[in-house]
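Below you'll find the structure, written out as structure tokens, and then a few comments.
Chains: A, B, C and D, in written order; residue numbering restarts at 1 for each.
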Amino acid sequence: MTPLATVARTPIDPLALLRRVASPANGAVLLFLGAVRQVNEGRAVTGIDYAAYEQMAASELEAIVAEGASRFGTADVAVEHRLGELAVEEISVAIAVGHPHRDAAYALSRWIIEELKRRVPIWKREHYTDGTREWVDPAGRPSAELVP
Amino acid sequence: MTPLATVARTPIDPLALLRRVASPANGAVLLFLGAVRQVNEGRAVTGIDYAAYEQMAASELEAIVAEGASRFGTADVAVEHRLGELAVEEISVAIAVGHPHRDAAYALSRWIIEELKRRVPIWKREHYTDGTREWVDPAGRPSAELVP
Amino acid sequence: MTVTVLLFASYADALGAASLDVELPRDSTVRDLVSAIRARPGADRLPATPLVAVNLQYAASDRIVLDGDEVALIPPVAGG
Amino acid sequence: MTVTVLLFASYADALGAASLDVELPRDSTVRDLVSAIRARPGADRLPATPLVAVNLQYAASDRIVLDGDEVALIPPVAGG
């Protein structure tokens, strides 16, 4: 099926993504789920809100999915990123890929999550047990890389 | 939850495995599914039957899951291998892992499937469109490796 | 010309707004736009060369900003 | 003593049975057991040193086979 890239405010349904990448050609299917952790860098987290530059996030995600599908030779790719307020254990991102071979399935899944984290304009604000909230700034990211 | 390793004749429920490895500590969950491909090495396949030395397969799988859980520092591992007759697209193996970090989740998932393919006494016989059946012999496997 | 610059997350907090109208001469570059924004109150909390997107794509600092371009400052991304 | 050897997949097909009873002197090793099996009709289709499991674990060729051990020949595995 055509690759799918979505940025949405509704809960992610992992099974729907799995169904989307199923194909008799695929010997391997890989589903990656990112979820909200209770503890991040030693601080107790009660939830996260995800914000985005929605239009650009959607177009960057589509570009990643299209590029990944083409590089790794499969159309069976479905990615969804959640936005809004998420509680601990809720799924923030799901990446489903199907491929004839497992080597490529693992490599493609990994490539997509790394690209997503590198360039999709989404931000997260952690909520802590003491009531404070903070935007997460992934340290040491060299911003120049993203400029053409 | 305690690691789970199962060899079963009933269809695999990927969602049940995902639920099993869910935990507020896990930032990453990875589900690998192996499925019956329609074409293998150029031959059209109509199905596969999986046979096993069941007791030893169960104990090897348990050993792999326990060792993986301990090596990678998570108890959230669930593996199930299907036996019997499978049609194209049916799931033969499912590996679900949960971990605080995605690096380890990918590495653990990969480690488990490679160990499973290396040492769990399961065999598959492919059924071809011309009605013939053949045991699949993974070429060049050095059998001496498996001896203590 | 007047360029509307979209702000997000920590940058929106720093500048106290979700967007800014910036007055720029014609043929201004992304670099000029960033300099103009750096004069605003709160902009000292931004890095010296924040990422900029023009029309939904990351833009180089020497890119000319045209009337009607959709411009945004992009804080370090943290999706996933 | 009599040792029952379990056979699977292509090895069961080659030897035409799911198990074999093999007569062995005491203190025989896994290697001796394999030699005894190699005399059986169809065993020429097995590799020279097939993998052997004793009591559900892969066993070295110098392991002594004891009365009551569960012994199996293990064809190249192909799970997943």
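We adopt the following convention: a contact is a pair of C-beta atoms (placed from the backbone, for glycine too) under 8 Å apart; a residue touches a chain by one contact, two chains touch by 3 or more.
Everything numeric here is computed off the predicted structure, so don't read it as measured data.
Annotation for chain B: without this chain, the others separate into A, C | D by the touch definition.
With each centre defined as the average position of its C-alpha atoms, the distance from chain A to chain C rounds to 25 Å. Per-chain CA centroids place chain A at a distance of 50 Å from chain D. Centre-to-centre separation of chain C and chain D, using mean CA positions: 74 Å. The multi-chain contact residues of chain A, meaning those touching 2 or more other chains, are 34, 113. Annotation for chain D: no residues touch two or more other chains. Chain pairs that touch, as defined above: A-B, A-C, B-D.
On the chain D side of its complex with chain B, the touching residues are 6, 8-10, 13, 47, 49-51, 53, 56-61, 72, 74-80.
Against chain C, the residues of chain A that register as touching in their complex are 34, 50-53, 55-57, 59-60, 81, 92-93, 113, 116-125, 135-138, 141, 143-144, 146-148.
By the touch criterion stated above, chain A contacts chain B in their complex at residues 14-15, 18, 22-40, 88-89, 100, 102, 105-106, 109-110, 113.
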